[in-house]
Amino acid sequence: MSSIEVKHLNVWFDGKQALREVNMTIPEKGITAIIGPSGCGKSTFIRSINRMNDIIPSCRVEGRIMVDGKDLYGPEVDVTQVRKRIGMVFQRPNPFPKSIYENIAYAPRIHGTKDRKKLNEIVERSLRRAALWDEVKDRLDRSAYDLSGGQQQRLCIARALAICPEIVLFDEPCSALDPIATAKIEDLLVELKDEYTVVIVTHNMQQAARVADQTAFFYLGELIEFGDTAQLFERPENELTENYITGRMG
Amino acid sequence: MNAISRNAKEKLYFNIFRACGALVVLTLVVIMAYMLMGSLPVLSLDFLTEPPRGANTLGGIVTPLVGTICLMGIVFAFAIPIGVLSAVYLSEYQGKGWGARFWHIVVSNLAGVPSIVYGLLGLALFVTFAGLGRSLIASGLTLAILSLPIVISAAREAIQAIPSSLREASMALGATKWQTIWHHVLPYALPGILTGIILALSRAAGETAPILLTGAAFYMSSMPDSIFSQFMALPYHIYAVATQTMAGMNGSPVVYGAAIALLMLVIGMNLVAIIVRKRFREKYRW
Amino acid sequence: MKYIDKIGWLNRTQGQSKGRFFDGASHTVLFTITLISASVLVAVAAFLILGSLQAFNVIGPVEMLFGDTWRPTSFHNPAFGMLPLMAGTFLVSFLASIIAIPIGLGCTIYLAEIAHPRIRAFLKPAIELLAGIPSVVYGLFAMLILQGWVAQLFGLQHGYVALNGGLILAVMMVPIMVSLAEDAISAVPLELREASYALGATRWETMRSVVLPAAMSGILAAIILSIMRAVGETMAVLMAFNQTPLPTLDPFSGVQTMTATIAIEMGEAAVGGLHYSALFAVGVMLFMITLVMNTVANRIMLRYSEAYR
């Protein structure tokens, strides 16, 4: 039951409103793409789902985000548990300057898995899941910085998968990658959607059209339109959406 | 025509600047050369292992050398943990508002206070007020306070150089702030912190004025037997022999030898710091 | 796959209590430790002022600041006028500055703009080493070697004069100034230089009319901070010339700086006595001078770091 219900979400930075009254229900499994011109609040939105905005002192969040019927912003909630169940992959690959193995094993370890054999299993399973195992299985102890950009990004995906999240958030995961690496990540996303609820922010409309089941269009901090991808791209209901996807605006 | 004179002018100026650069290197070479030449007659391992004799005009420097090492030990034990942890707090917990600016001003002002003023503080606070007397611990604590701003600003710089994307990566995996600091921030900043520590220790090893007020002795027949006893220290030894013995005033090899020993200690530490920084800058390339 | 009990999985009480505990404790502990280090500045000021109160009370602040006689150990007629000490500090710092600033500037420009990368790779560590040499070693050099050269050059009986101190302080100032000023010059964006080159300016013209003005505030701050080093230096000054508290600005005379006064007289001053307290008052003055210089340098530096960011 890992649908995400967003209710009356408002976010401010330094008193400036970045998101305004967002209401939407992201269904379980499948891929949901968030599109919109830069500065429209799409990154802010995805970062409120795993409460990464909490790190920024000047940020204020109001509203509710319900997962499993529980409000992520409720008073009893442990942020680290939220982030454990909701993984995140960032714009630029950001592996730790450690070995490939240590990058994957880090999260299971801090969440209590100390057994070496079990860790080995997790590392292999996660790397396989991220379609990286065959490329790195002989050099797990090498620095993650020796990998190419695309490989680093898949390593970051494997790292997020290692603690068995139910939801995985992707914040423009391909913006720093070349077309071939991008294609690999997209294939991977499609593979993951049977098992995880995937939310991806992208500035690339083709990418959204290629991989997403549902697409949401944000503009100036507001959710303008949310629906089935094919429908949103072919028969947008809102004029703003149409202007954006036909390229008449930024 | 005009261009030629412009180029000639440029050449002239550049040669002046080049001469300035050469002059600076020359002073380093001259100072080192005179110290080395003066110390040649005593330059041997015995000099390092023998205590001073004949009212400090003969023998070696083992007593002051050990005293200096003890001082560095006290500085290490007090200034390093407090300094590094303060730096962690200032860069990871303290935001970027007026508070951060306030701390920056405090640290930079502390770094600018003359060492003799720290000596006065040590005299009033540790020797007199705390009742530690003129002792190793009073001098060591004074030097620790003097080193604090150096450690803090070096550690802070190293911590702030770590890209925030790595902190985010760790937090997004469900790590707590402290886990992120412990597993990522501190290890990645370690080389920079280490460099700062080495430089702070080498500065503490070479300071004379603060220990002159807080416990260094002209002569001790034995090593300090507790942290509450007086002590000999290398920099003070150099000053004392040079200014209070006839042999020293006339440039006895003993005083040059002590200077060379101190130089080797300090320069050696500086070189290690430079190497550490270079080595690790290549390891973490972000 | 979903092995965790669904009910209450987000709650604080489940798992992770150790990490959570450390997270809370670390904040408190680190804050406390930071307070300790910050209290040092307060302690420095407080203990200096406390120590000096007696002197300011008994002698009076006007007499202390402007009195032209420093004769603390005289039994019948002691005098605690700081003017001679301030004159001494001013004289040697001034001498050092007029020597060090041009040379330091030249060296900075050479290092930042002209030197071949290979020379740079050797020159920069050399300057760092110079900055790292303990002041007592500079003092020894001034006392045993430089002094003789000064005496010979100016035909003096001996070279233990203010000029000798100024010279050795200049040597100590240059490396500090160069390393700080070089940062300022390196911070000037490449685009500015390219714009100048593109207009047909030579390297020198570009430097003089584009790079140096742009880096001016950083260079200024570097100069102030290096002068501060000269003002606060004790050992080199103490060993370079005869300490005689005369209210003079003659470079060929002996003088006595504020720092050296504290160093040599503290040993003979009785704890809690008037002389002892007067020496703390000298410390207060030194502290204030460096505080002011530091604040000015910080202000200037802040301006230039905001200009290019």
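Here the chain labels run A, B and C in written order, and each chain numbers its own residues starting at 1.
By definition in this document, a contact is a pair of C-beta atoms (placed from the backbone, for glycine too) under 8 Å apart; a residue touches a chain by one contact, two chains touch by 3 or more.
Predicted model only: the values in this text are computed from it and were never measured.
Shared contact partners of subunit A and subunit C, listed by label: B.
The chain pair A-B and the chain pair B-C differ in C-beta contact count, and the higher one is B-C.
Put simply, the chain farthest from subunit B by mean CA position is A. Note: centroid distance subunit A to subunit C, computed from Cα atoms, is 51 Å.
The mean-CA centres of subunit A and subunit B are about 48 angstrom from one another, to the nearest whole unit.
Rounded to a whole number, the gap between the C-alpha centres of subunit B and subunit C is 15 angstrom.
Contact with two or more other chains is made by residues 16, 19-20 of subunit C.
Annotation for subunit B: residues 175-176, 179 touch two or more other chains.
Residue numbers of subunit A whose C-beta contacts span two or more other chains: 80-82, 110-111. For subunit A in complex with subunit B, the residues that touch the partner chain are 50, 52, 55, 57, 80-84, 87-88, 90, 92, 94-97, 106-107, 110-111, 145, 156, 159-160, 163.
The part of subunit C that touches subunit B in the complex is made up of residues 16, 19-20, 22-23, 26-27, 29-31, 33-34, 36-38, 40-41, 43-44, 47-48, 50-51, 102-107, 109-111, 114-115, 119, 123, 125-130, 132-141, 143-145, 171, 174-175, 178, 202-205, 225, 228, 231-235, 238-239, 259, 262-263, 266, 271, 279-280, 283, 286-287, 290-291, 293-295, 298.
Taken together, the subunit B residues at the contact with subunit A in this complex read 95, 163, 165-176, 179, 183-184, 188, 283-286.
Interface residues of subunit B facing subunit C in the complex, by the touch rule stated above, are 6-7, 9-10, 13-14, 16-21, 23-25, 27-28, 31, 34-35, 38, 81-83, 85-86, 88-90, 93-94, 103, 105-106, 108-110, 112-121, 123-125, 128-129, 145, 148, 152, 175-179, 181, 199, 202-203, 205-209, 212-213, 235-236, 238-239, 242-243, 251, 255-256, 259, 262-263, 266-267, 270-271, 274.
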